[in-house]
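Following this message is one structure expressed as structure tokens.
Per-chain residue numbering starts at 1, and chain names A, B and C are given in the order in which the chains are listed.
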Amino acid sequence: MPSTYILVAGDARIGNLVAAAAGTRITAVVVGTRAVADAVAASAVATVVWLGEPGENALEAFAGPVADVVAAAAPQLVLASTRPSDRVLAGAVAARLGAPVSTMVSEVVVSGDGAQVTRGVYGGIAQEVVAVTGTAVVILDGGASGTGGDAPVEEVAAVPAGVVVVENRPAARTQVDLGRAQRIVSVGRGLKSQDDVAMVEALAAALDAETACSRPLAEGVSWFTKDRYVGITGQHVSPDLYLALGISGQLQHAVGARGAGTIVAVNTDKDCPYFKEADYCIVGDLYDVVPALTRALT
Amino acid sequence: MSDVTTATEGVEPDFDVIVIGAGVAGCVAAYLLAQAGRSVVLIERGDTPGAKNLSGGVLYSRVLEEVFPDFLTEAPIERTITRNYIQFLNGSSSIGIDYQDDRLANPVNAVTVLRATLDAWLAEKCEEAGVFLMAGVRVDAVLKENGRVVGVRAGEDELRAHVVVAADGVNSFIARDAGLRTKEPTNHLALGVKAIVSLPEETIRERFHLSGDEGAAYAVVGDCTMGVGGGGFMYTNKASLSIGVVLRLDDMTAKGYASSDVFDHFIAHPFVAPFLKDGEISEYASHLVAEGGLSMVGQIETDGMVVVGDAAGLTLNTGLTVRGMDLAAASGIAAATGIDQALTAGDTSKVGLAGYRTALFASFAGKDMETYAKAPAFLERERMYTRYGQLLGDILYGVFNHDLTPRRRLMSVARGELKRSPVRMRDLMSDGIAGVRAL
Amino acid sequence: MKIVVAYKWAFNPQDATVDSGGTVTWGRAKAGVSEYDPVAVELGRRLADATGAELIGVSVGGADTASPMATKSALSRGFDRVVVVADDALAGASTTQTALVLAQVIAHIGDVDLVLTGDSSVDVGAQMVPAVLAGALGWPSVMNVTTVSVGAGDLRVERAHEGGSQVLAVTGPVVLAAASDAVVPRVPGMKDILAAGKRPVEKVDLAALATGPSASSVAGVSTSRPELKSRGGRVLAGADVDAVVAELVAALRATNVI
């Protein structure tokens, strides 16, 4: 049976990875507390290799030891989530094995001597299928926590590199998980002032939706927190309804919401790119449309 | 009285020449001056040359061969134009003239180019010749001292030179800032709307009956502009078509149309649509075109500065061909000649730079501007865009429509149609005479 | 102290065209210093100014990576010098290939204490080069870095993460990927570009770098243009915004979206 290694840095939400590795023997290599290792063991994986309590060490300090473990096994497939620390582990493994890394992956088929990977290239404007011999490193959205397993946890001693946490500064608020949202009201540069965010939130409340934004509103002006930014390097969402207000629809944004069931785009520019990939295109000013839509829904 | 013959006393300029705008005119001037041993900086507001330029066009290429002898083999050329068509469009009919001539291919007369690649190539040639290319910089103002131009300012920074060359395009902010031009009346401006439609190379050859790297160019008049003064065009690139309309701004505003409506109308016309079938519009943009001819060319030199290319109003719409790039190249050559002379003489005042104007009007470009001096006014005659095509169409309909009525002689059909047409015989004569004189 | 910023000379795929067979042509697309790399350069410049370190730009890619326009554009953002490996064999190089060559260049420069990168490249956007590069160097790496400063015998790094942020102390060399909004990069002025024209550019021959054989290989099977989900593209327009909105709500209700 082909072998898959799933790399985990402190977060046991690996449901998508386990699903992608179906039909292979899965070993999870876990960096983080014992509690995380146990949570991973409860997913449908065969074995958990745990690198011990990290203590004050940053999880990234274990990238080298993780690469040691995986390189010794030379599996056909290595999976990691898109979370930043998980990517660090995957990078160390790819470098050690000289293995190709695939992102924007839609399908992985593993066989005895390698893996066939279907992936987006150049931000998803094109797609390619590649056959990887040796080890394929694939980065995927982690998904939810896995269930239905009771794998043994094997502890392996590791010597971390010199990166220690000297201070934790927790965020003042909880994070939103747009990936699970059923409806999303997303706004872009068409919004002129931070004061107008309330108008968008009122519409979201009327629709029982989460709010989201394009990159310029989460970076630079910070009208929204970064966990609400939808785009190629932000959140990839697949709600039933995605309402794009004043977002022109540049590739780097649009690609983050292509999984949506229904897309409604509101823009003053009838030639904006978003109108080419929306179900409904409203030519108009969001400052007229949003209040009217809120009224119509309440 | 202050001295205007040299840039500044005591302050050594950063460069001999500052060229603003890395289009055809700016690159040619910068290249030739660097070759003459002058220190030249070429400032371009786009992050790369060509970035701010509308897709491309038909380039009458011989003038560039004077500057770059290997232009036709080295430069990024799309196709060599060997077939020229003149097409009259009516609502439901079209009449075409197909002019094909091997003499247009040997020697090569006109080629199609995409500015993104052409400008990048020209800028590369400049850098090879020793020009300092400065991309991604927007010049905010010209520096003036004692009434003469001594350099430019961008943000916090100032650069000084003996001569500044304004090659910043049709809306030349620099020429206006230097006080050389005022805001143009809109009847001297046209709005060009152009799209690039991607099609496989083989499809282009088939649809336009071309072989190899041959290309075709269409000049279209009539229904294509919904009666707005102007015309349509279509020409072949390697694996795409450039298609668009040039519309007189004042007329379009008066008729209350949006340029995109006119463009959409044009590409949906039954004559045009089949050429575009299954193609993808890969870019779409609009751009102001000066089409006032000689009357647009005003003051092109002042103390410490010259204006070249579109910025100098060097565009010609002869009705059948729209020319700009060849005139731009010619003005770049003339400017380099005049500036080099002025630098040698140590007099870069308006008087010292007069060699530019002399060289420009001695060149084909200056002569053509004089030849076609009356073309814009002729092209403002509305009948040119609306009624002649319909009249021609009705005459030919009478000839080819075999509806079982007895045939009439062509002249009699023509006279009959002319009677029914709102075009009067005296209009026809007047337009004919004006056209012969202007073109 | 030597600080390296790895940057990319890249096209924006927004301007590319893709034929029905999935072949990408860049046509009118313009190459430039990749969108988020100037953030890393600015972060590096500030740290170099504060510590007296040398700031070196490193890039690997196709031949155009060494064009005067490319190197000048990079240098004008604040590097003291740049080192490039420009070879068409590296045009469109994979993440791993790019990172392994970068690691060789950093070894070639020698005594590098810190490598900074941008958040992601504008063309590929994989966010993986810094991690693979760190792996190849045998160094740790940290993503989403918002501040870097030199502490007592170590480097102090703040990084953002889902639950807030952390301050890390790093001993030894490290690869840090700057958060895309860590600092606001400067826009190069004319004097910066003039100065850039005078700074050294070192071109390293790809063949001179010792890139070893790899146990893994990739073979292309097929390419395609992803079929975008076919959407109605129904345009709702009109002077009466309430009527337009009512039409939308009715349509969404009719299809059980709301």
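Couple of notes before you dig in:
Note that in this section a residue touches a chain if its C-beta (ideal position, glycine included) is under 8 Å from a C-beta of that chain, and two chains touch if they have at least 3 such contacts.
In UniProt terms, the chains line up like this: A = Electron transfer flavoprotein alpha subunit apoprotein; B = Electron transfer flavoprotein-quinone oxidoreductase; C = Electron transfer flavoprotein small subunit.
A quick note: this is a predicted structure, and the numbers were derived from the prediction, not measured.
Relative to the centroid of every protein C-alpha atom shown, the closest chain centre, again from C-alpha atoms, is found for C. Chain centres here are means of the Cα atoms, and by that rule the chain farthest away from chain B is A. Centre-to-centre separation between chain A and chain C, using Cα means, comes to 19 Å. One simple way to say how far apart two chains are is to compare their mean CA positions; for chain B and chain C this gives 38 Å.
Taking each chain's centre as the average of its CA atoms, chain A and chain B sit 49 Å apart. Chain A meets chain C in the complex at residues 58, 60-61, 63-64, 67, 74, 82-85, 87-101, 103-104, 116, 120-136, 139, 161-172, 175, 183, 207, 219-220, 222, 226-227, 232-233, 240-241, 250-252, 258, 261-264, 270, 275-284, 288-289, 292-293, 295-297. Interface of chain C with chain A (complex): residues 13-14, 16, 18, 22-24, 94-96, 99-100, 103, 119-120, 123-128, 130-136, 138-144, 154, 156, 159-172, 174, 180-181, 184, 212-226, 228-229, 231-237, 241-242, 244-246, 248-249, 251-252, 255, 257-258. The part of chain B that touches chain C in the complex is made up of residues 14, 41, 43, 46-48, 50-51, 55, 114, 116, 123-124, 127, 132-137, 154-159, 196, 198, 280, 282-283. Those residues of chain C whose C-beta lies close enough to touch chain B in the complex are 17, 19, 27-28, 30-32, 67-69, 72-73, 187-191, 193-194, 197.
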